[in-house]
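Starting off with a structure, shown below.
Labels run A, B, C, D, E and F following the written order; every chain starts at residue 1.
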Amino acid sequence: MTDSFYKKLYQSHQECPKCPSPVVISQFFVDLMQTLFPDFSKKTFSSQKELELHLNKLKIELDEMLTRNPMHGEVDLEDVAESFFNELPAIHERILDDITAMYQGDPAAKSRSEVIRTYPGFYAIAAYRVAHVLHSHGVKVIPRIITEHAHSKTGIDIHPGAQIGEHFCIDHGTGVVIGETTIIGNNVKVYQGVTLGALSVDKKDAETKRHPTIEDNVVIYAGATILGGNTTIGANSVVGGNVWLTRSIPANTKIYYQAKMHNSDTEQTDIYVYKEN
Amino acid sequence: MTDSFYKKLYQSHQECPKCPSPVVISQFFVDLMQTLFPDFSKKTFSSQKELELHLNKLKIELDEMLTRNPMHGEVDLEDVAESFFNELPAIHERILDDITAMYQGDPAAKSRSEVIRTYPGFYAIAAYRVAHVLHSHGVKVIPRIITEHAHSKTGIDIHPGAQIGEHFCIDHGTGVVIGETTIIGNNVKVYQGVTLGALSVDKKDAETKRHPTIEDNVVIYAGATILGGNTTIGANSVVGGNVWLTRSIPANTKIYYQAKMHNSDTEQTDIYVYKEN
Amino acid sequence: MTDSFYKKLYQSHQECPKCPSPVVISQFFVDLMQTLFPDFSKKTFSSQKELELHLNKLKIELDEMLTRNPMHGEVDLEDVAESFFNELPAIHERILDDITAMYQGDPAAKSRSEVIRTYPGFYAIAAYRVAHVLHSHGVKVIPRIITEHAHSKTGIDIHPGAQIGEHFCIDHGTGVVIGETTIIGNNVKVYQGVTLGALSVDKKDAETKRHPTIEDNVVIYAGATILGGNTTIGANSVVGGNVWLTRSIPANTKIYYQAKMHNSDTEQTDIYVYKEN
Amino acid sequence: MTDSFYKKLYQSHQECPKCPSPVVISQFFVDLMQTLFPDFSKKTFSSQKELELHLNKLKIELDEMLTRNPMHGEVDLEDVAESFFNELPAIHERILDDITAMYQGDPAAKSRSEVIRTYPGFYAIAAYRVAHVLHSHGVKVIPRIITEHAHSKTGIDIHPGAQIGEHFCIDHGTGVVIGETTIIGNNVKVYQGVTLGALSVDKKDAETKRHPTIEDNVVIYAGATILGGNTTIGANSVVGGNVWLTRSIPANTKIYYQAKMHNSDTEQTDIYVYKEN
Amino acid sequence: MTDSFYKKLYQSHQECPKCPSPVVISQFFVDLMQTLFPDFSKKTFSSQKELELHLNKLKIELDEMLTRNPMHGEVDLEDVAESFFNELPAIHERILDDITAMYQGDPAAKSRSEVIRTYPGFYAIAAYRVAHVLHSHGVKVIPRIITEHAHSKTGIDIHPGAQIGEHFCIDHGTGVVIGETTIIGNNVKVYQGVTLGALSVDKKDAETKRHPTIEDNVVIYAGATILGGNTTIGANSVVGGNVWLTRSIPANTKIYYQAKMHNSDTEQTDIYVYKEN
Amino acid sequence: MTDSFYKKLYQSHQECPKCPSPVVISQFFVDLMQTLFPDFSKKTFSSQKELELHLNKLKIELDEMLTRNPMHGEVDLEDVAESFFNELPAIHERILDDITAMYQGDPAAKSRSEVIRTYPGFYAIAAYRVAHVLHSHGVKVIPRIITEHAHSKTGIDIHPGAQIGEHFCIDHGTGVVIGETTIIGNNVKVYQGVTLGALSVDKKDAETKRHPTIEDNVVIYAGATILGGNTTIGANSVVGGNVWLTRSIPANTKIYYQAKMHNSDTEQTDIYVYKEN
C-alpha cells in the first residue's frame, strides 16, 4: 500500500455523499411490516392510539431518510412521506390480496398466517409493493435498497419500477428476477428461477421498455426465462419450466421443451413429450 | 391513513395469537447445530456434564416453544420435546452420513470440516433433518420456520414434510426446491436450481401426493425441474441440466435437451448433442 | 440421549481445532469493503493517517486469523497478510473495473454508486477478488468462508480458486455457480442462475481441471449450465438461457433451445424459434 | 417449586400492566441528549431539516411512551409531549448554564466539551432537568426511570420532583442524593456524597415538604448530610464535609466538625481545628 | 513489549481455568428477576406451563454454570441448582417483604411497582437474597459476581455471606457497604453511604467475625460507618448521619456528632446540637 | 421549538469536532484488560503469536484514536501509542502488585482471581494506571474517558493526573474521589467514600497543586474527606471514618471524631470515644 493509494482512497471517502445506510432503510421496512402484519411481528400495541403514533413515527423516519438522500433533479421530495402514508391503506389491501393468491395457489399452505410467517414470496412482493410506490414518487436509491434487502433475504429480485397487477403469486421464489420495465397483469403466478429480463444492454436504451409484458392469468413454471421489451406472453398462457423466450406468444398458449431420453437397459433413445396434467 | 384503517389494523394485532418468534426458533436451531457440530461452533464445553446440561436446556427451550404455539387439533404436543431429543442421536448420525455424501461427492471439498463450515447444502439438509422429525410428530409452524431460516441463508428450500433417504447430497444448492410430498431414496445427488415440485395447485389436493418420487442413486443436474405426484425418476437415472419433466422415466435412464447451435463465422446451424463424459 | 451419545459428542468438541469463526472473518471482509468503497459505508475517517492506520489494523486482523488457522502443510503463512495488503491497491483497481462493467452492462443502473450500494453481483465479485488472492497464497478455509458469506447474502457462489479476467459482470446473479477450476477471460457477462460446473465427481480428480473455460467477450444468459473441464466456450459466443452444455463450442457461436408451442385456440403446435434481437 | 407458586407467579404476570420498558425510556433520553449536545454524540445531521425531523420523531416517541403508560388519575397526558418539546429550547438553555457552572467551578475542567463528555454531574443534572419538566406535567413513572438511569450510570440520585435553580454544579457526584421536595436556589454547588434527605418516613407525610431548602450561593462539601423539610441552609453558607444537619442554619454561616488527633510519636492528643483556606 | 512479556502473558492465559463469564451470570440473574417480578420485565408468558418451563430452564442454566465452575474442595455442587430452585418460593416471599419495607419506608414511593421498577435498593437486596442462598450452599465465585453486578448497577455492595433479617430497607443506597460477616436483624433501615465494615485486615482473621451486628429495628442514617466484628448496635437505636463507630452501643441509643458553626455576620461560633425531629 | 432553536442546534452539530466515541475508547480499554488479565476474560489465544498480534492490533487502535483526536497544542502525539505499549509490561507489573495489595488487605478475598473478577477497586486502579501513562504523554480527553468509564462502572473516580505509588489498595470503593494533583505514596489503603479533593475552585489555580499529599503506609477509613493542595497526611497515619481534613497532620497520627451518645432508657448522654482495636 503506497501513499498515493491511501491518498486516493481518502479522497473518495471525502467525496462520497452521506445517505441513509442500508441498515437504517431495512429496519424501517421491517418495522413497517411488523406494524402492518401482526403474524410477522413481536410488536405489541396497548391501544389504537399507540399504533397510530407508531405509524406517524414511521412517517417521520421516512421523511428523515428522504431528507438525508435528496433527489438530484427537479422532483420535489417534500411531500413524499405524507403521500406514501396516505396510500398505505391501499398498499396494505394490495398485499393482503397477494397473500390470498399465495395461500390459494399452494396446497401446502395451511393458513394465511403461515404464508406471512414463512413464505419468501410474501416478503419479496410486500417489499416490491412498498418500494414501487416510493419509486413512482421519484425516489431513487431507497426503493432499490428495500428490494435488494428482500432479494438478499429471499433470493427474489423485483425491480421497484416493475408494474405488477393484483393477486400476484410467487411460489418458493429463489432466483426469480423481474426487471425494471416489466408489466404484469392480474392473477399471474411465477415459480422459482423465473426471469423476466432484458435483451438489450445498451445504456442509451435505459428509458425504453426493455422487459416483457405478462398478461392476465399467466402461469410461468420454474426456471423459465422471458426476455425483451417487445415480448408479450398472452393471457391465460402457460410457460413450461426452463423455457427461454425472446419473442411474444399469443394468448392461451402452452410452450415447453422436448427432451431426448436414453435408456441404458434398452439402449433406446426417445423423445420425451410434455404431457399436461 | 384514516381512523378505520388504524382500527382494522389494531384489531388484527389484538386477534393475532402469540407464538414463538422466528428469531427465537432460529436461535434454537443454531444452538443445536453448534452443540452437534463443533466445527460449526464457537461453543466450548468444559466437561461432558456441561454438554449434557446444555442439551437438556435445549430440550426445555423446545418445550417452551411448543407450549407457546400449541397445535389446534387432536395431536398432543406434551411429549414432543422428549421424543425429539430421544431421537437426536439418530438424527445426528443421519446428518454425519449426509456430510460424508457431500464430502465424497465434491472433489473441491478438502475435508469434512470444510463441508460443515462452508457448504450451504450441509446447512439446509441439517435443518431439514431436524424439522422433518418435528413435523412427523405433528408440529406445524416451527419446522417450517426452521427450514425457511435455512432457505433464507442458503437459497435451498426443503419442505419439512418431504421424505429423504440416507446419504443425500446437495451441491452448491441455490434455488433447490423440494416439495412437501416428495419422496427421495438413498444416495441421491442434486445440484443447484433443481426443483422437485407440484403441478396441481388445487387446495383440495392438499392431502394427496403432489410432488415426485426420486429412486435410489439418481443424479439430477443443475436447473432440472421435475413436477407432479405421479412422476417417478427410476433408480440410477441421470437427469440433465435444465430438463423439465412432468412424467416418469424408468430406471437407468439419461434424459437431456438438445440445443441448436449457430456459428456466425461459418453461418452453419447444427444440433448440439449431449455427450456423456 | 444416552451417555455414549454425550461421550461421543463431547469428544468431538475436544478434538475440534480452534479456528477463526465465520463471524470474525465476515466482519473482516465487511470492514475491508467499507474502507475500500465509501458508498458502501458508514465509516468516516478524519484524516488520511486514520485511514492508513485502519488498513494496518485490518492487516493485523488478517494475520491474527491466519495465525489461529495455520495450514497443515509446507506452505508458510508468515508473510501472507503483508503480501495481501501489498496487493490491495491492485485488487481495488480490479473491483473498480468490475463495477464499471456492471454499470455499463445494465441500463437500469443509474450510477456506479447504485451498483456498489445495491448490486449483489458487485458484492459477490468483490468477495471473490479478495478471496482469490488469499487462496493463491495457499490459504485454505478463510477464502471459502469469505465467498460463502457472499453466497449466503447474494445467492452467487464463486469458488476462490476460479480464475476470472478483467471487466467481469454478473447481473442479478441469484443462483450463479462458478466452480474451483473455472477459467474466465476478459469482458465476460453472466446472468442469474448460470452454472459453470463439473461433470466429474471423483475425489481422485480433485487436482485436475473439472470446470469449463470461458473465453473473452462471452455472454451467458440466465439459467445456462456449462459443465466439464474440457468444455470451452469460444470467444464472442452467446449462450442462450437455460442451455445445458457439456462440450465445447467454437468462437462466435450462438447456442439456444427450441421450444414446442401449442395454442389451445387454434389447436396448432409450432416450433418456437429463438430470434436474435 | 410447587404448582401454587407457579400459579401465583403466572397470575402476577397476567395482572401486571404493560408499560414502556426502562430500556426504551433510557434510549429516548440518550437520543435526546445526543441531539442536544453534539459533543456527547456520534449522531450526524446532513441538514437542519433532518435535525428538525429527528426532534419531531423524538416527540412522537415520547407520546408513544405516555400512551402506553397513562396516568391513573384526572391528569390529561394528551398534550404533554407537545408541551415538553415546546419547552425544550428553555431546558436546553438551562443545561448549558449548568455546564458553565461546572466548567467554572472545577479548575481541572479543560473545556466545556470535556464537561459534556466526561462529567457525571452534567449527565445527572441534564437527566433531572428533562425529568423535572415531565414530572411537573403530571407524568409519574417515566421521569423516575430517567433519573434512575442517570443514578445507575453516575451514582447521583436526584428526584424529578426536586426544585433546583439556575447555575447548579455537582462535582464528582457519586453518592449525591437530592430528595423529592428539596428546594435549591441559584448558584449552588454540591460535592460527592452530599445528601439532601428526609427525616420523616411516615407515608402520611408523602404530600408534605420533607427535604431541605438550600438558598442561593451555598457550597456543600463532600459527604455532608442535610435532612428535614424545615431545614434551611441560609444563603452564602458553607457546609463542611461530612457534617450532619437536621436543623436550619442562618445565611453566611460556616459549619464543620472538629476532630481529635492523637500522635503516637508525641503521645499528644489535640483538637484539630478546621481552618478556612 | 518484549518476547518474555508475551511469553509470560500467554502462559497466564493457558493457566487460567475456564469459568462462566460475568455476562452469562448477570443474564441469568436478570432473567430470574424478570420471571419473578413482572413489573421489572418485558417477558410475557402465554400460559402457566410456559412459565414453569422457563423456571426449569433457569435451573439448568444454573446447573451449567456450577458445572463449569466447580468448587475446589469437598463440597458437592451436584444438587445445588435443585436445592436453590426448591427454595425459590421462599426467596421470592422474602424479597416481596423487602419491597413492602421499602414502599412503607419512603413517602416518595407511589406504589410497590415503582419500587420494583426504579429503586436500586430493591435490586441490590434481591441480588443479595439470591446470592446468599447460593453462598450458603458453598458456591464461591458466582454469588460474588451476582452481588458485584448489582454493586456496579446500584452502587450498593452487599457481600453474599452477610446475614440479613426480614423486612430490610435500603433507601437511595449509593455507597452502602455490608461486609461478609455482618449480621442484621429484622426491620432494619439503612440509607446511602452506610458502611458495615471490618477493622481487621489480617488474612488470618478471614474465618472470624469481622463485621458488626445490627439488632432489630435499627435505623442508620446516610454516611454512617460502623466497623468491627465485636461492634453491636443495640435494638431500636438510631445512628446519626456520618457517625463513625468502632464500639458497641446499647439498645435504644441515639448517637450523633456535634458541629461547630461560625457566622460571619455575627462573628459568633456556636455548637450545633442535633435535635430530634 | 422554533426555527432559531433548530438553527442554533444544527450549527452546534456542524462545529463539533469529530473525536473517538466513549464507546470505542471503553472497548479498547476492556479489550486491553481481557488481554492482560485472563481471569477477567473470555478471550482465548491459540498461540503466543496470536497474543502478540492482538497486542499490536490494540496499539494501532490506540494510534487511530489519537489520530482522530489530536492535541491542540505543541505536544506531538505521533509516538504515543508506541511509547505506551513499550511501557505496558511495567504497567502490567504495577497492576499485579496492586492486586496483591487488595488480596492481602481484605480477609474476605479468597484468591487473586476473585479480586480480578469481582473487585471494583481492581478495575478502577487498573483504569487509572493505564490512563495515567497516556495522560503523562500529554493525551487529554482519552484518559479522562477511560477513568470515567471505570467511575461509571465502579463509583470510583480517580483523575488520570493523580500520582499514585505502588501497592495501592481500594476496598469496596464506591464514592472514592482522587483529584488531579493528588500525590499518594506507597502502600496506601483507602476505603469507600474517601475524597482526596480540592478546596480552591478558582480557574486561575488550574496549574497549581490543589489536592492533598498522602505519604507512605497511610490508611484512610470510609467517608473521610481530605482537601487542599497543602494538606499532607504524614506517613503511617490513620484517618478515621468520615473525618474532614483541610490541614496537614504529622506522621504517625490517628485522627477521628467523637460522637455524642444519648440513651433513652437511662436518659444519659455520653461522649463516644473511638477505641482502637
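Here is the rule we go by: a residue touches a chain if its C-beta (ideal position, glycine included) is under 8 Å from a C-beta of that chain, and two chains touch if they have at least 3 such contacts.
None of these values were measured; they are calculated from a predicted model.
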Any chain that touches chain F and chain D: E
Numbering shared by both copies at the chain B-chain A contact, with half separating same from different: different
Superposition rotation for chain C onto chain D, Cα-based, multiple of 5°: 180
Whole-Å gap separating chain A and chain D, where each centre is the average of the chain's CA atoms: 52
Where chain D and chain E are represented by their mean Cα positions, the distance between them in whole Å: 24
Per-residue overlap in chain E, given as positions that touch at least 2 other chains: 44, 47, 155, 174-175, 193, 223, 240, 242-243, 256-258, 274
Contacting chain pairs - touch in the sense defined above: A-B, A-C, A-D, B-C, B-E, C-F, D-E, D-F, E-F
Complex contact set, residues of chain A against chain C: 1-2, 5-7, 9-10, 12-13, 15-16, 21-23, 140-141, 144-145, 148, 151-152, 155-157, 159, 161, 174-177, 179-180, 193, 195, 197-206, 210, 223-225, 227-228, 240, 242-247, 249-258, 274
Contact set on chain E toward chain B in their complex: 18, 44, 46-47, 49-50, 53-54, 56-57, 60-61, 63-64, 67-68
Of chain B, residues touching chain C in the complex: 35-36, 38-39, 41-45, 47-48, 51-52, 55, 85-86, 88-89, 92, 104-108, 110, 113-114, 117-120, 153-155, 172, 174-175, 189, 191-193, 221-223, 240-243, 256-265, 272, 274-277
